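Look at the two complexes coming up: chain A is in both, with chain B in one and chain C in the other.
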Partner chain A sequence: MNKKLLYSLLISGAIRYFISISKYSRSIENHVEISTPLNSFKRLKEGVFLYDNGIDPYDGDIFHESPFILIAANFLLKNFGEFISLILIIIDLLSAVFIYYGSKSISKRNYERQQLEVSTYAKGTEEIQFSKSDIDNIPFICAFAYLFNPYSILNCVGQTTTVWSNFLLSVVIYSMSKNMKFICLLALAFETQKNFYPFVLIVPIALAFSENDKSKNLKRIITVVTFASIFGLLNYIAFTYMGNWKFLDSTFGFIIHCRDLTPNIGLFWYFFTEMFDHFRELFLYTFQLNTTILYLFPLTFTFKESPEFLLTILLSLVTIFSSYPCIGAIAFYMSLIPLWKRCSPFMSHNFIVIATFIVTSILGPTVYHLWMYANSANANFYFGVTLVFCTSQIFLLTDLCFAYLKRKFCLTNGVTFDKTMKLSLE
Partner chain B sequence: MGILSNPSIGAHEKKTKYITIINKYSNLFCFLLYLIGFGWFCALSFPQFQSNTYFSENALLPGLVLSELKMDSVNLAKTYLNELEHERTSHKSNIPYPWMQAKMKQIGLKTYIHNFTLNYPFGGGKRFEGKNIYGILRGPRIGATESIVISVPYRPPNTAHTSITASVPLILAFADFARRQKYWSKDIIFLVTDQEQLGMQAFLEAYYGEDENNILDSGTLYGKAGSIVAAINMEIQDFDVDFNSLKIEGLNGQLPNLDLHNLVVKLSHKNGIPIGYKTKMSEHPRDDVIANFFSLLSMMWTQSSGVPNGNHGLFHKYGIEALTIEAVKRETSVKNNNVHHKIMALLKIIEGISRSLNNLLERFHQSFFFYVIVSADRFISIGDYMPSVGLMSASLLIKSFLLWLIANNKNEDDEQENENKEEEDKIVIVRKSKTTIDYIKIGTIILCSHIVGVGALLITTNKFIHDYLFSMNIPTQTGIFYSIIFIIAVSLLMPKFLRLNVIDAQYLNIVLLIELGTMLLSVSMLNFSLGFFLCVFITPFAILINIQENSRRNLLKFLIRSLIHLIIHPITVLYGIICLLSYIAFNEMNFNYIVDKSFTATIDAITFAVVDSLIYGNWLFDLTFLILLPCWIMLWILNFSKPIEKKNKDKSE
Partner chain C sequence: MKFLKILIFLFYFSIVHAKYHNNVFNEELVIKELNNNFVNTFFQFTTQWNYQTYNNDLLHTDFLSRSISELFLHYDIVELHITLSNGLWKTESWGFPIESAGSGGELYAWFKNHLSEDDIKKQWIELSEALSGLLCASFSFVEETNTINPEFSFRPTSSWNVPLNSSFLRYTALPREVVCTENLTPWKKLLPCDSQEGFVSLLNAQHIYSTNYHSLGIHVRHICIDQTCSNAILESKQTVNLVHDLKLFGGSEWSIRKLFGQGLNGVCAMSSSSKIFLDITDKDFEISPQPENVILSKRGGSESRYAEFDVRKLVQESKMINIAIINKKHKTIPITRPPPLFAKRFLLGTGKESGKIVNQITNSHYASLNIIILENIPWFVPIYLHTLKVKTRNGEIKPSSIKYIPGEQRKRPYYLEIALTIPSKTIIEISIDFDYIFLRWQEYPPDANHGQYIPAAIISAMLPMALNYTSAPIEASLYAESFNATRPSYFLRIHTEALLINLPTPDFSMPYNVICLACTVVALAFGPLHNMTCRILVLQKKDETKKSFLQRLKEKLFKKKEKSE
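Entry: the complex of A and B
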């Protein structure tokens, strides 16, 4: 293993460990930016306790994890109760390792793809082409971005189950890049069962798996059908364990209907607190369509030659627009952005986006404190800040899309143009 | 689509056009923003920009109930005062508990004594003990779900503060009246606290079951009422009242709901006792802009330190609306026959407040929580004052953005000179960047300066270090002084080890400006006054410091800049403020004497700040060491940044 990576793992592991044993870990765990109803460790413990006492945790409104997490947490909390934070740290570090190797083979594949087309590229575009050294550089940057991102550190210290779902996603990326079909689909099925939204990732995965095939469409359909059947099977296994289908409503129903309006960094809660009840369904489905399939097809047709890029974009989209977003999931998609390092000369909002991230990350908890504890500010302050936060994420995303397209254009048309020429993609 | 991301490829062309303009005018523009922000604040002292106070919460119904107080309550208050004066001759340094307990029980309150202990963080585990005494009047109309607190700090005869002996008799007389009424739907807690704010803090911690603070052992309460909705703290200097003064500034600059403030003002007026803000009897005329301005500043000055100016300030932390009514004694020695009337008025004020609070159906949530009081009936709300701080801190963020634009384009311009002349009429979108930025070094500097800040905080607040100092026979004050000298030395020496060249320094400056801007924004959300003063002070320095000038080696300029840096060091500033304050307070004293005294006062102030931070949770001290000091260190390092040697570069080409 790479020495630099090893040191980074050790250092960031130590940071996570020391914060988790400090007195701040409990207040970090309680922050709404970190723990949502869907991933909070407190609710997990409650669910396990209920389950242990023979009460179906899905009867109430506390527990919304998938049954597999319930069973695993039951086992872990009983046998390794004191080591939970250590186990989570190890899982988080493993995710970074998977991101490292996943992005390594993605970079390699990008480089190989480029080698096939390099003869068609214009002169003077070396600066925006993938170079050989990128195969070593980019993976490290990706892993580094995950390991030292304050968001992922806080997420890990907060002991949320998002640590686990980040791990599953990193496995999805790793196995997709290595063409390990079954593992990829299995991990995605588990992740879909936990968070529901990631099912959209089946599109880039199906595209990736059919890349070198002759009968592409058939292959794609097979992938989707396999995924659906694995997913169905998982749910059936869960049914046999639990003895009833209540968990479906308690997990997917809970996510889709956005029943818990606890403030979070997303866009749902404020809107649906204000909503008249008889319009709720209409707007609910509009919001959910916006999250899942509204952008799915246009983006797929635009970026179909690079499934990995499509995956980055789709993952960011579902993270931003999901009903219970948390900063752990944001940290994960952020760590994939360095994969497209060569697009960075075309990204024009870097500074604004980063500055907004910093300002809102500080201001958000401040106004939340004023609202909840000091009893002086109110919901509008907090929602204002989270709205800006989401906007900056969307800026980042659109900037990345445009940068990718501009880079593609410049690769074939060169980077020098006459001043007299008016160039526009509008 | 242009808003989200400009899709045209030639966007760079436009940018370079403006870059020279930006480079030239960035400082001016940002400074202009700062001036507009400051001007905005000054404009707030015009009455046109102020609002009259009004009641938002209808349930309060201020002053609508018919008072049922009779003369016997007034006589009772006078009797209690005489008895208490007698008790005070035999209880020189503590509360006459037996008397007070007996009276409360006699009135019919459930009476309890609350013990608390302070394990003083300095001086090897010294312990101080105190006892609060409180009585609960159960509301007859409803179960104990909500309550009101009427509190009084008790000051024994040997206290250094102003005597407020008349407070206890007054609230006891009111308790006697209130117990006979049957309309209370909230419990009333009559609380007499010991040891000033410490007793109040202990009571609140015990009431809400907080046990994390191991410096103040808050003990147990044997009787509790419902959750506290509001609290009134009384400081009655004498029954012969001249006027009432309101104190609202709480811990960390929190304020009570404006409705509560208005309620007290209205009731005080109604009962014929004039109300003044900040112990000023006479209200200045509405159009007196200068007086308005100073009245604004005087409130903000108290608020900015984050130290509550009365026992009410500690309630705010728990989301309880509270304020202090200080009844100021008449100065003239002429005996007033009207004392009975004054007692009646005071009792009626308490009655009116309690009955209005009794009417509340929900907690205070309407009206304003963020405001600045100009006079008892005028205020400025958050929407009006925030733009001034917003403009000032935005000027920092904008400056950092402009610096970033300049830094990025400068690199490109330098390279463009080396390109072939043929390409002059071409636009090159992406160039190979030749200058590399030493991100790791910049990161190290940011990290190191913050580590110094964290270290400083640990050194000054760590119990083990204080215990060690105590065992070495070094007094706490001196110990803290030495640790601060040590920190200053470390921060001064930082540039010796970490130096940047001008290009990297530019990027460090960008980070620094973002950090400062973010800090100022969130501080002004939490405590507007502190945020405002910090903005006024920090922003001009942060804007006007231009690193590019460093490239010209000019010793005099460098020395002047270093001197300015030393002057704005947080500790120097603290010292300067204390000097100024003591000069204003004792201007007849010798100047040297003041400078000398201020030095010890500064050390004392730091010690008090440490205590405040540890016991009450005042974050001004933490803010100074965690953010302000590191920012100063970064500025200091920027001051020493090396110019780039251009000669070497030319030779190699």
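Entry: the complex of A and C
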């Protein structure tokens, strides 16, 4: 482990620790941007308490975590209840370490892939090619982006279960890049059980695992089937542990039907608050399709030569359009964007995106406070801010996709071209 | 043959006999002065009807209203309790009520034990709909979403041949219900006498609804006479509990005419007794007319005196009967002695994000008391059981038992029952955290910013002494049976305040705007993603003919000028 990373880990760990012991930790924990009904620590405690007292936590309306999180939290809260925030900090730092090593091997693979094709590249494109030093630089930027992102710091201090899912996702990325198939699929199955949406990541993973194979399709099918059976097995284990299937409706059903309309940073809450009852189902399923499989196949065909890029895009898509998004998940996909550092010359909306991120991050909690506490604003204000926040995320996402395509084009056709010519989609 | 004839005759005789002697109707009025110039009047109309359970006899009613007996026939109920009240009974200064009721509507019923869970569900909804029509009250709002079956707080008061457990009980409270004339008129019609005759004639809407507290009640139960319950009594108690503010009547002296706007015009012809009991314990006033009888009631360590008026006798002397309190002496200021147990309920927390429901219960008795607290919290107020705390000044108390069924959105309420012991002379605070949630816009009631009600908590206790206790024993039919009724313990039920919480509201005027805006954002992602996945990047010649907006504008302006020149 290099020294820079070690120092970053220590410093960001210290930041997390000092904020979590400060008097602000409680109010951070209760913020709607950080804690959603799906990941809040308060609900986790309630679930564990009910489970401990012989009441099925999935019977009620409070607890929506997967049974494995329930078991783990039950064990942790009982035995290490006082150190829970420390444990979460360590897990968060571990995620950063996994992101570091995962992105290291992804960068390495990118470089190797480039070496195979470099002869076909145009002259003067060195600027946008992966260089050897990127293998060391990029992982550190990724880990740094995760460690010092205010979103991930707040998420960790808020003790949400998104810390766990970020850890699982980082394991997915690490094991995918290292070709550790079983661990990768297992982690993804756990994460799918918790958040449902990440199941789409099986596509880039299947692509990555079949890259150097002869019978690619067979391999891909095997990966998907293995994932499905691991996922089914996990649910069956959960069933035998809980004694009934109620947890399925309480986790997946709760996510798909968006039953809790508490304000959050996503698009769902106000939309389905104001929805007419007879159109509810239609829009619900349309939105869920939009989040999961609408873009899955087109994007797969477009970016199939780089499963890692596909993974970044899919992960950010499901985060933006999920029914209960939180800033912890956003922090995670943002830490993967530096992997595509060489695309940055083609990204044109950087200023707009960064500015709206900053403005909405400040404005969001402010208008929320005005609405809930000062009674001088209403739901529309907060809705407006979340709308702009979503838009800026979408800009970031589409900008990155365009930049990737443009870079690919320029690598073969040269960076400089006639002023009378223009790059456009046809 | 002769034997058979005799038998038939005997049978016929018994039926005729039954027709005339199996119906009993009693009117009672209890009047009690409360502290701080308030007067409590409590009416109780008791109808008892002995009928045969095996041959659908329930349809051939005499005194009892057929609409009530039909409920029992159709919905297989053993026992039914309805109260409709408005205002708050201030237990701390007024003492225990004769009959406690939560504000708004409250309804609970015990069903027969042969019914299955689903049957009870169905019957309960149908029953509440029937009652809704019968009493012009919003009992049609009773659904699975606001119904619970409390395990400890309620016990059947009927003597049914098979003991019933709580799975046959359904309880609901409608705290939003506004009680008024439209409930009183049908309520009166259930009585055997016309509303112009007997004690009912005092109940004029105009005077009842200007009181500080009013509560209408209907309590119907079965009492089996034999083992097989082939012969049972259906007993219906209709009660009215009122608290009048004497300040409105100009002074502390009062009379029936002042309180109700008219005197009593006689008795109901069907009644077998019509009595007024006036509490004169430690009171220093004269009564006109003089009571013919004073009852001394010793009950569980407390002594009280009641002046008894038999209206049947009084009515022979004058047509209009009025009982008045005169010559009140104001030499002493009464010391308010709070009852042994009373409770307050309030909300804590600022903002509309999360808050705390607090029940503050005071035990002013010198011994510890065992109590049960029942919370019935609507589904839109999610509570966190792990935050439940029972605090005293010296630390926390551990409840001896907790029964909790978590609520589910749009399905069932949160039900919480806590059994605990309050140490002597202690105030305890039971607090639990809750979240304010956001509902669908069509789920908010009209006038959404008025807020939503959380029903009252119910506190039940077995008091070891009858100090301040005024209710009749559970098995008693008449209020008169409460005199000298010493028991090992006295069952007490009190209701706390209902709470009003203000949920955050969406903007009700802009569903279309929200739908359009949110869909636009979705389209913002769809457009570019669709473009880049379905097309390929190419180098294209810039369209020279395409000019910028400014250029085109300039050209247009110039052209216009040229033309005008």
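The criterion applied here is as follows: the second predicted complex is superposed on the first by the 423 of 426 C-alpha atoms of A that agree within 3 Å, B and C clash if a C-alpha of one lies under 4 Å from a C-alpha of the other, contacts with A are read in each partner's own complex, and residues count from 1 in each chain.
The working rule: a contact is a pair of C-beta atoms (placed from the backbone, for glycine too) under 8 Å apart; a residue touches a chain by one contact, two chains touch by 3 or more.
Everything numeric in this text was worked out from a predicted model, so none of it was measured.
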Per-residue contact with chain A, leading partner among chain C and chain B: C
Partner chain in contact with A:Val367 - chain B first, chain C second, else both or neither: first
First, second, both or neither for A:Phe409, with chain B first and chain C second: both
Which superposed partner A:Ile394 touches (first chain B, second chain C, both, neither): both
Partner chain(s) touched by A:Ile128 [first = chain B, second = chain C, both, neither]: first
Touched partner set for A:Ser348, first chain B, second chain C, both or neither: first
Which superposed partner A:Val359 touches (first chain B, second chain C, both, neither): first
First (chain B), second (chain C), both or neither touched by A:Val157: neither
Contacts on chain A seen with chain B and repeated with chain C across the two complexes: 373, 378, 394-395, 398, 401-402, 406, 409, 417, 419-420, 422-426
Interface residues, chain B side, partner chain A - complex: 1-2, 4-11, 13, 254-255, 316-317, 319, 363, 365, 369-370, 397, 400-401, 404, 423, 425-432, 514, 517-519, 521-522, 525-526
Residues of chain A touching chain C in the complex: 30, 32, 42, 45-46, 48-50, 53, 55, 57, 59-62, 259-263, 267, 269-277, 283, 287, 290, 294-295, 298-299, 301-302, 317, 320-321, 371-373, 378-380, 383, 387, 390-391, 394-395, 397-398, 401-402, 405-406, 409, 413, 417, 419-426
Chain A residues within the chain B interface of the complex: 125-128, 345-346, 348-349, 351-352, 355, 358-359, 362-363, 366-367, 369-370, 373-378, 381, 394-395, 398-399, 401-402, 406, 409-410, 415-420, 422-426
Residues on chain C engaged by chain A in the complex (per definition of touch): 350-354, 379, 382, 384-386, 402, 404-409, 414, 435, 437-442, 504-507, 510-511, 514-515, 517-518, 521-522, 524-526, 528-542, 544
